[in-house]
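Letters A, B and C mark the chains as written, and numbering starts fresh at 1 in each.
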Amino acid sequence: MSVNDVFLQLVTGLQLGAIYALIALGLTLIFGTLGVVNFAHGALYVIAIYAAVVIGGQIGFWAAVILVPLLLFVVGILMERGIIQYFYDRPHTDQILVTFGLALVIEEGAKAIFGANNIPYPIPDWGTGQMLFYGTGATIPGVPRFEEMPQVWMPFIEGMLFYPSWRIILIAVSFLAIGGLFALLQFTRFGLVVRAGMRDSEMLRFLGINITARFAIVFGLGALIAGIAGVFGGPITQVTPDVGMHLLVPSFLVVVIGGMGSLPGALLSAMLLGMALSFSAEYSAVQQIVIYLVAVVVLLVRPRGLMGKKGVLE
Amino acid sequence: MTQTDSNFLLDVQGVSKRFSGLQALNNVTLQIPEGSVHAIIGPNGAGKSTLLNVLIGLIEADEGTVRFDGRELRGMKPHDIIQRGIARVFQTPQIFPALSLLENVAIARLAKRDGKFAIKCVENLGPGNEVSDEAAEILTEVGLGDHVYESAQNLARGDKRRLELAVCLAAHPKLLLLDEPTAGMSRHDTNRTVELLQRISERGMTKIVIEHDMHVVFSLAEQMTVLAQGQVIASGAPADVKGDPKVIEAYLGGGPKE
Amino acid sequence: MSTEYRPHSWPREGIVLGVFAVVVFAMPWWLTWIGGYEALATKIVIWAIFALGFDILLGFTGYLSFGHAAFFGTSGYVAGLMFLHYSESIIPALLACLVVSIVLALVLGFLTLRRTGIYFAILTLAFAQMLHAAALSIFQEWTGGDNGLTMSAQPNLFGLPMDGLNVFYLAAVLVVIGFAMARQIRRSPLGLMLRSIKENQMRLEYTGVNVMAYKMTAYLISAIYAGTAGWLMVVYEPYVATKFLHWSTSGEVVIMSVIGGVNTLIGPMIGAAFMMYFENVVQSEIGELWKLVLGAIFVLIVIFLPGGFVDGYNRVRKVLGQKVPSRRHNVPDSPESMRKLRERGRTAEAGRTD
């Protein structure tokens, strides 16, 4: 494998990991604070991509960038206040069942409205092209096609490399969102309460802190991140009703591998799985199951996940 | 292997357990002869429950040995330890909430009769079945004979404790561990429970009781051990321990350094 | 709270199973009165077997598996491969399916059963999806990938061709046997152990019971039912689809169990019938919307009627003033036998030396 190949696969791994990270962070945030495993989290992503297609097509892409995450935030809060909150006192299996049911309803609803097939996603013009990476020994021909391209000089690259601009944008936006989330949790009073809640929610209730209202916001926040993932991930994951469930299974694995309820763990394992997928691409038969193999190995070697406190196989 | 060279049913030697920064148990030694009733007392946080947890394999000790009936328990799975003849009443009653009282006790009878795992699916539990009958007998013995069909979750807290005791008795253990068996009970219920425990003692069942109620301790125990901050600070007959200045100090403040 | 207890008696057990058998065997006829067709009866009965086994896991132990398609689908492929490459007789295929289901359940159970229900649901879903992905990639040569496996000849039982109503009768016999076995397990010591897992695993472990072994037993039993259903499905339509392994198949059996009523044995089978009826008959009325309607029904039942149809039926009976027998088992029946027990207890209390 040449340096260029490694570089390309690293970028691809980052991009795959970024989407998993966005979904998994929402999942683990909701699980860590509310103790709810949200089987409808992939369905929130489905709402986001269809909302992005509609708003992006009707008003414009930037409107979608702003409105879709806000819409998802509201959807998340409605979901928590309208249904999930009545399930905190019911067995975990009931929580799983009701979120699974919601996932079905949302998926089938999307199918009824938009059909089962992929519909085109209106990517803005500036996002459709390729990005050029060049390094030593590269001579860029002075033709307009190349000059208009965004260019990055990387000293270790031999010659030139092209990579779809949209995927680079997705990586950048994902890391901005992830950074924003961590900053919110690290530096605000709200974040302090949420982090304390992830450690011991009973203690917080005991101290008289109103976590119920904050929990609704946490659910909304998880949905909002799925909204960001939907706006920027839609063109890459396709716009179909069943994409939610396709994303949910690997995202669950990300959460379990990272350690249930651990945000840094989720980020780390999302990147690990992204890289595993990217670097196994040459062996296409193995690539299909590589994330499961990674999951089995991690859980056998380290039952609590990479950064979790309680184990899965203990 | 089963015959022990010492006379003690339970022989705890130098057990220590550290939880991040807290020395929960420090070199605890405890020897319980067969047939005796032993009380463990001590202020809150002294490590009493931790000690019981080590005995039944809920927590693994950092150091020390626990020998029960001549056999080292370290590394054994909890259910294997219990199968060797230990039963435990927990501080918060642990029962099977949605099952009937009879079923609660029947489970323990089955565990005693069939061992830790057996696929018995031809037998019908119910009228005339030995397990169901024995379970009803035991429930009657602890004073719950009128409620055998009730769901366990409908019981009052004191009755839940009694049910858990019935579950433990159903296994006919050699050693019964009682973690505050009368906590939260009315005076009347406490007296009934003490009476019941005394009656069981007459059969020669060895017991370890953690208890705050000194009335209960003095009615039941022949020997006692005082724990404070994870250490044994006194042991002997209740009357002797009562006057020990170290014990008074432990309860009234001070005590060994943190 | 006073509840009426229904004693266990063999004559009564015979009547229950007899009525059940009559309803099942007459299904091809009564189904046509309500818009169904003969072959739908076969599908219903096969799914009923799947759902019945699933209830031994979900209903008894409370462990919610989202990956039971693993057993249904793998058995389907094993049956298909046996028919294609070994023999068109259904017996060797059944034996192979059972062996594979048991081995697979041991492996998956080891990986998924150690901790609480949440991890179990997630991990069973993930590992079943792994098998689905593997069937489409590394095992493509054997599974036929997206095309699935198509049988060239009709499977047979000792020369009797397995088509049409023959498959139905085979499935009907098996569902009656399966139902009788499940009822027997429920009232046996094994059933009590399995039902106590849902209640308090810690108490169970500290009563000297190997909880993991019992969980594994429930998982194995449900895998055997699922494997049998997968095998029957391939006998019924000599074709193996990748959908058999897909998460939506696992989801369907979950939906059936919940809308019918978990921990009732009969409920999940009613759920299976309801769902198949919906999928095949209602679909012809409202088209693809049936899935949306079914999803909505499922959500409403989870929220408002957690006990499913059976619970709904009991609530209606209560409203009408009828006595509803308790769902508890393993208890002595009559006041008379209770009085005797209490007397025996008292004498024991008085003169016990042990």
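Simple rule for what comes next: a contact is a pair of C-beta atoms (placed from the backbone, for glycine too) under 8 Å apart; a residue touches a chain by one contact, two chains touch by 3 or more.
A quick note: this is a predicted structure, and the numbers were derived from the prediction, not measured.
**Student:** When you check each chain against chain A and chain C, which touch both of them?
**Tutor:** none
**Student:** Work out the mean Cα position per chain and let me know which chain is farthest from chain A.
**Tutor:** B
**Student:** Central chain, going by Cα centroids?
**Tutor:** Of all chains shown, the one whose C-alpha centre lies nearest the global C-alpha mean is C.
**Student:** Counting C-beta pairs in contact, which chain pair ranks first?
**Tutor:** Ranked by contacting C-beta pairs, first place goes to B-C.
**Student:** Counting in whole Å, what is the centre-to-centre distance of chain A and chain C, each centre being its mean C-alpha position?
**Tutor:** 35
**Student:** Between chain B and chain C, what is the gap in Å from one C-alpha centre to the other?
**Tutor:** Whole-Å distance between the two chain centres: 40.
**Student:** Could you put a whole-Å number on the gap between the CA centroids of chain A and chain B?
**Tutor:** Chain A and chain B have C-alpha centres separated by 50 Å.
**Student:** Tell me, which residues of chain B touch at least two other chains?
**Tutor:** Where chain B is concerned, no single residue meets two or more other chains.
**Student:** Counting only residues that touch at least 2 other chains, which ones in chain C make the list?
**Tutor:** Within chain C, no residue contacts more than one other chain.
**Student:** Which residues, counting only chain B, touch chain C once they are in their complex?
**Tutor:** Residues in contact with chain C: 56, 58, 77-79, 82-83, 87-88, 90, 94-100, 102-103, 106-108, 110-112, 114, 116-128, 131-133, 136-141, 145-146, 148-151, 154, 164, 167, 171-172, 203.
**Student:** Sort out for me which residues of chain C touch chain A in the complex.
**Tutor:** Touch residues, chain C against chain A: 58, 62, 64, 66, 111, 114-119, 121-123, 125-127, 129-130, 133-134, 136-138, 140, 247, 251, 254, 258, 288-289, 291-292, 294-296, 298-299, 302-303, 306.
**Student:** Would you pull the chain C residues touching chain B in the complex into a rising list?
**Tutor:** 1, 3, 5, 7-8, 184-185, 187-193, 195-196, 198-200, 202-211, 213-214, 217, 326, 328-334, 337-338, 341-342, 344-346, 348-349, 352-354
**Student:** Sort out for me which residues of chain A touch chain C in the complex.
**Tutor:** 31, 37, 83, 86, 90-94, 96-98, 100-102, 104-105, 107-109, 111-112, 245, 249, 252-253, 255-256, 260, 284-289, 292, 295-296, 299, 303, 310-314
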